[in-house]
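Take a look at the structures below.
After this come two complexes, each holding subunit A, first together with subunit B and then together with subunit C.
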Partner chain A sequence: MKPAAFEMVRPADAPEAGRALAAGDGAVKVMAGGQSLGPMLNLRLARPERLLDITALPGLSDCRETASHVEIGAAVTHARIEDGDCPEPIAGMLRHVAGGIAYRAVRNRGTIGGSLCHADPAADWVTALTALGAGVVATDGTGATREIPMPAFMLGAYRTALRPDEIVTAIRIPRHSPAARWGYHKICRKVGEFADAIGAFVADPETRICRAVFGSTGGAPLLLPDLAAHAARTGSPAGLTTVKTALEHSGLSLSAVKIHQLAVAHRRAVEEALADV
Partner chain B sequence: MSDTIRLTVNGEDCTATVPPRAQLAEVLRDHLDLTGTHLACEQGVCGACTVMMNGKPVRSCITYAHACDGAVIETIEGHRGDPVMDRLRDAFSRHHALQCGFCTPGMLATARDIVARFDDPDEATIRHELSGNLCRCTGYVGIVAAIRDVAGQRRTEGGRAERPAPAIPARSRSFTRFDPLPPEATPAPAAAAARVSDEGGATVVRRDFTLNHPPETVWALFRDPRSVAPCIPGATLESVDGDRFQGSVEIRFGPIRARFGGHGTFRNDDTTREGAISGQGDDKLGKSRVRGDLGYAIAPGTDAATSQVRVELRFGIEGMLAQFNRPELVAGFVDYILAQFAANCDAVLAGGAAAPARRLSVFAMLWAVLKARLKGR
Partner chain C sequence: MGVIVQYTSFVVHPFRTLRFLHECAGRAGRLRRRKVNVSTGIGERVQRKEDRRLLNGQARFVGDIRLPRQWEAAFVRSPVAHGRIRAVRKPAGAEARVFTAADLADVRPIRAQSSLPSYNASDQYPLAKDKVRFVGECVAICIAPTRAEAEDLAERVELEIDALPAVVDALKARQPDSALLHEEWGSNLFLTTFFDGDIDSLRKTAPVVIEREYSTARQCMNPMEGKGTLAHWDEKAGQLVVYTSTQVPHLIRTGISEFLGLDQGQVRVIAPDVGGGFGYKCVLQPEELSVSWVARRAGRPIRWTEDRREHLVAGANTRQHHYRLTAFADTRGRLLGIDAEITVDVGAYSVWPFTACLEAAQAGGNLPGPYDFGIYRCRTYSVATNKPAFTPYRGVARPGVCFAMELTIDAIARAVGREPSEVRKENLVPAAKMPYTNVTKKFYDSGDYPESVAQAEKAIDLKGFRARQAAARAEGRYLGIGFSTFTEQSAHGTKVFAAWGLPLVPGYDQAMVKITPSGSVEVRSGNHSFGQGLETTLAQVASEWLSVDVSRIGVVMGDTGVTPYSTGAYASRGMVMSGGAVSKAAEVLAGRVRRHAAHLLQCRAEDVRLAEGKAWHGAAHVTFEDIARAWYLRPDQLPDDVETAGLEVTEGYKPDIDTGVFTYATHAAVVEVDPDTGRVAIEDYFIFEDCGRRVNPLILEGQAYGGAAQGIGTALFEEVLYDANGQPLTSTLADYILPGPAELPAFRLGHAETLSPYTRHGIKGVGEGAAIAPGGAIVNAVNDALSPFGVELNSLPATPERVLGAILKAQAAREAAE
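Entry: the complex of A and B
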């Protein structure tokens, strides 16, 4: 159905958007592509009085590189990342992840920052960017910026560490060495659907950093460093029973089916990363 | 409230005066009489409404008017002078790639995009790319064959895709096993103490928590709906009459907001310090309904000054919100809400006031928890 009536505002810059957001006390929402918010608007589950379209804000559609990082503007679409329009902090991973998000018509409008801020536990970027050790750059109503490391960004389903007057302007991803390996596997009932389980694995022999991340847990992605270390040391995933035990003791409320799916997704991600080791 | 937007549709300059909430599909169908664009799910899932915007396929159901100002749109009525689309139409016909035809306008838009992006798409690629366009007649066999046919014709003629994505670089060749550095300190995941299960179609959430007050004091709070309702984030108790009550609860969960009004009954057993609430209510604006039963029991804690509260909530949601009823999301949110509730109970029992509810965001399914609670007591 048609959404409930709303006003559409295009703020001039990020601080203005932040102030408008804070002033709305929940009745104002940011729209950064609207591919998750749109369905909620049409179902009238979300009935904001005003929407802030931030896709045209200066710099939000840019990709930048530094010696140590790749910085992707919050309003860069998944399709642009899929097509290799942004520099790669690790060969091929962002493109692979972007190409697996929903459907191409959705990827043409959905944005990386929008996806992060929506904070759906089954979404791809929250898990993939946690595995890459990324940080989220947020700007508040005064123009002050801070960088929030991914593990501290998503607090739970649809909840983030953003303050009421903050919007995300960019994502900073550390560059990995050419020797780095990655694997990303998600289990979905149908291509493009919300994932039932996501396994992400990144290992960089040069920096000696490795991460194993479990996504679609019902809340924020789960990092299990011991499993990552096992894979980095041995070149193969820990046994299914070991992985399941680790998930059972993670403190999260996960069903037996979910634990199995997550364990299999982890194994496949590690195997994909280290297939020829 | 309405704005006039300009757009180029099928090669013609158009204007439409529409409110910001107008979907692109509505602009096309109701303002420009281009009814070939079909609306079905309106959630971006089925693909029937897919049209070309600035040369790329988009969902016209979740693309709103303001975003289309100045855009170039091609619908199924257009694509004039595009030989590739002519071939696709012809191939769809030859390969029986449609039966009822409802999905076809969106299917052709996606097909056009596949041919533009892939030089030589194999069946697996085409099926993967078509996953966002639902066809319930053909089984996709004819559609896949038609797209392969058109790509094949172009290949035979030495043509290439118009916008191929560069190949994804290969992974590094060598990998040296290594001893990782100690991991960065990361916040421990918020442990979910709630146990969530699906029992006979109802979602059941069980949770225990501790309050820093003796059982008789906690029970006195719980058994009186008027005293416990303010502890429930977003809840308002409107009236209590015998064992019946009326009330409402406002929930906020991400962008989702709902206000459920309803009624129910409650009963308390002062000897066992157990009680139960049954309630039902609806969110009229959002067209969702919920019914639930909440059982609670207060027992002594580890020492005389504390209490152990055990809660079992059983609920079902119907209507729009049910589409977001993903039980796995419940656990973390229940924990969050119950932590707020427990903190509010502690504050009220200590003679203070509950935190302002407007700061709290409450889970859709949870709302039932709250509601049940607020109602109940």
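Entry: the complex of A and C
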């Protein structure tokens, strides 16, 4: 389990990385924490000729706060978020999610941007950040940036909307009001394992925004606005049968066990969020 | 303070010495350590000698060794489960660095013979020759200065294989229309065995009849260190020197010499530090042969290190059983008889030397376990499938039979409406019947099996639990309790192994004990320590006789060049066999020490007492160093007719009986099942164990924790999955789930010490034990918890998927009925 030979370089800035990517025509890949790419290299499932280490790019390891948003650099590690090194767009949620990813050694290296770009359906950030209404900031070879809303960013399992000359430079998460509520429930085989089912729920009474997201569905996280509205309106989750029926009609091919676990994860996330309302 | 204990003082009636040292692990340790003169002999909680280097990263594994001019090897492995090899093409320009079956033409295939009737032997070429029979089977070996380069080379080797239908399901493989792995057999059966009993009469008369199918998953042992072999030809010694990660260095030496066609004198096997074995490393590995052969041919040291993916694919070789079982009982749940059919999914080949038969032979023989009943019929089928070759894993067959039997006991209890642990106690062999010969002619030497259940009931508070369970149910929480009892035949002797028809029968062990010129002690044993603490416990046995502190007792193991022959470490035999040999050698040596000391102290040898590393006559003493210096350096201080045998003794040991000594235990688990997610949480776990004399309670507790952790892996997590083409679906640790610290309970332990009347110091083997029972205890607890749902789980592991699946199915069935 040793990777095929590759070169490793550090581009000077994001546009240079974007140009190198585009010029590489598939033979060049970005490496952030290496916690997903590393195993792929070792298994020789990925065999790029050149890797671009982006962890030292200017700004990629910064966290910033504006009046309306929290901005997290793409190369910020799960561990830093877990440790409270980043501002929270909603009380405590990012720390909670980060702390439930893998174990500390992986969190020390793995990055939020890497996790989104890898687009593993069972991963945590894709679901959590969809629930938070985050946008992904991509920068291309010319230095132009655009913000892609989460639902449009992850297209399916391991597929994103990034163009060949784009890298992700930051994640922008709208700040929620102090009255906002969240719940995040991950069902997994053991501590730090990838999820079998995730329920994420966010509701902000001030902005009247609410989202219910189902993660680990085999594809991009599934948003079911009706269920979110029901929970926000009634203060409790929809009945299990209703949720299961909604999942059955989602168009995804899910086993009975998976549907049940997703429905339970949703119920628990909503209950957690609205526990003391 | 070291006391010399006469061996005979241990041969007493077992029940008089039955001591229930009911204790929590840590407490006893603290109390004992306060003694003034600390003995390091038998029974002491001595800290492990080997841990300093292991914990400080200073151990030396095969992967740490670097010899001049050493190269690394990578294997080309079969990508298909079953196929006929048309061609193996070496990459152009690299022909001299790639070797195939054609190159290894002078290597004999691994063939494990068995004297059992109906046995079919298989030929396993270290590099597949005409056919490949499992995904991961070695087809070629490539060498290069680094592993990465060797893998580059391996990638360029072209295989042309005509795929054949894969045989993935052992039950289907028994059907006449199945594809065949070894065509010349005309079937896929390595072996069938029978026990015959008059079951048909029971079928008509027994008031309670329980019929079940049970299955256990295929597993992968996952020692922290995988396999690894480094070989080179030592021209001066005229020897092939093989460093290899093994439990059985002397056996591997024999195997390499036989299959490579070398004289034993031309082979030296050295097992350096070994990072776990569990049985995975007790058989000759095809890789050991290939690496050895290539090292000779290439004229340079060659190393291969198994990586985790190789391990999870080509090492997925254990535990998979299927049972069809009918139990007959009376209206109180008293067992009358068992009728069973056991199918073992053996994989493609019969391993050397333990063969493909050991598992099924043990399963058939051990299914009745600790129970007292009269009629037994059992057929076992050892079936060839397109999977890696079955290898015995900690507990050998018993985790399967214990699971089947313990679930059956609970099913009977439910059928007669009684508390399962009551039914269990009534069915176990009672102490009054010891020693007891069971229905498969196993000779249970000593113990009080029902008492172990009673102790577990008390420790886990069965009565209080039932009240708690009822209260929790009222709140919609589902708690369950489960028990599981087993006997473990340990240190089987000659007759047992001979009866299994093995090509190689262990019987006894030798050990050497020596006093060095500075008065320290050296112990040499051909057994090996790979985590089980033998380095410490063998030193304790020597310390028991010689009174020298274990810090001054060096233990040398693992190197066939410097240790007496031993068949090695497996079957919980180390402490009984090698411990016995060290004990005998140390006893003889202690006699010699006393005689030399008597001369120096001017007294009679009978009046010399050994304590604290000194020889005493009354208040006068000489140190071991004085004695050793006199012997080695100043013979002028010794009499003219000095005993010239010296301060070095090699002795051998064989227990008084050949049939093994039986450790036993009861495990009790309390679980909470989340019926919404299928998750099983272990709330409490208690183990009551009797392994005879506890040489080192600290190590014993460690063995219990480790074994139970592996058993919990079996119970809840571990499962190798294949698709219909025999492709493994669990080739990384993201898919093959091992329990981690967070998934394990804080185990609580209790002990009895019923000394075996038939072994030195009353020791019984215990290394494997705790891995046996968790499957039974936990799934019984899960079934207890889920009884309101009408769910009964009968297969391992109890994953959330299985548990929730069963609940949903039961619900759907209920709804359909309504």
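One rule holds for everything that comes next: the second predicted complex is superposed on the first by the 277 of 277 C-alpha atoms of A that agree within 3 Å, B and C clash if a C-alpha of one lies under 4 Å from a C-alpha of the other, contacts with A are read in each partner's own complex, and residues count from 1 in each chain.
Keep this in mind: a contact is a pair of C-beta atoms (placed from the backbone, for glycine too) under 8 Å apart; a residue touches a chain by one contact, two chains touch by 3 or more.
This is a predicted model, so every value here is computed, not measured.
Applying the stated contact rule after C-alpha superposition, one finds that A:39 touches each of subunit B and subunit C. Contacts of A:4 after superposition on the shared chain: both subunit B and subunit C are touched. By the touch criterion defined above, A:190 reaches both subunit B and subunit C. Contacts of A:180 after superposition: subunit B is touched, whereas subunit C is not reached. By the document's definition of touching, of the two partners only subunit B reaches A:220; subunit C does not. When both complexes are overlaid on chain A, the residue A:80 reaches neither subunit B nor subunit C.
Between subunit B and subunit C, B contacts the larger number of subunit A residues. In the superposed pair of complexes, A:261 makes contact with subunit C only, with no contact to subunit B. In the three-chain superposition model, subunit A touches both subunit B and subunit C at residues 1-5, 39, 43-44, 190-192, 194.
Contacts from subunit B toward subunit A in the complex involve residues 1, 19-23, 26, 42-45, 47, 50, 53, 56-59, 61-64, 66-67, 109-110, 113, 128-129, 131-133, 165-166, 168-172, 174-181, 183-184, 186-197, 252-258, 285-288, 320-321, 323-324, 326, 328-333, 336, 358, 361, 363-364. Only residues 146-148, 151-152, 155, 307-310, 676-679, 717, 732, 734, 737, 739-740, 742-743, 799-801, 804-805, 808 of subunit C touch subunit A when the two sit together in their complex.
Against subunit B, in their complex, subunit A makes its touches with residues 1-8, 10, 25-26, 29, 34-35, 37-48, 51, 53, 55, 79, 82-84, 88, 91-92, 95-96, 102-106, 108-109, 118-119, 121-122, 133, 149, 151-152, 155-159, 178-182, 190-192, 194, 203, 205, 207-211, 216-220, 222-223, 225, 228-229, 232-235, 250-253, 255, 258, 273-274, 276-277. Subunit A makes touch with subunit C in their complex at residues 1-5, 39, 43-44, 187, 189-194, 196, 256-257, 260-261, 264.
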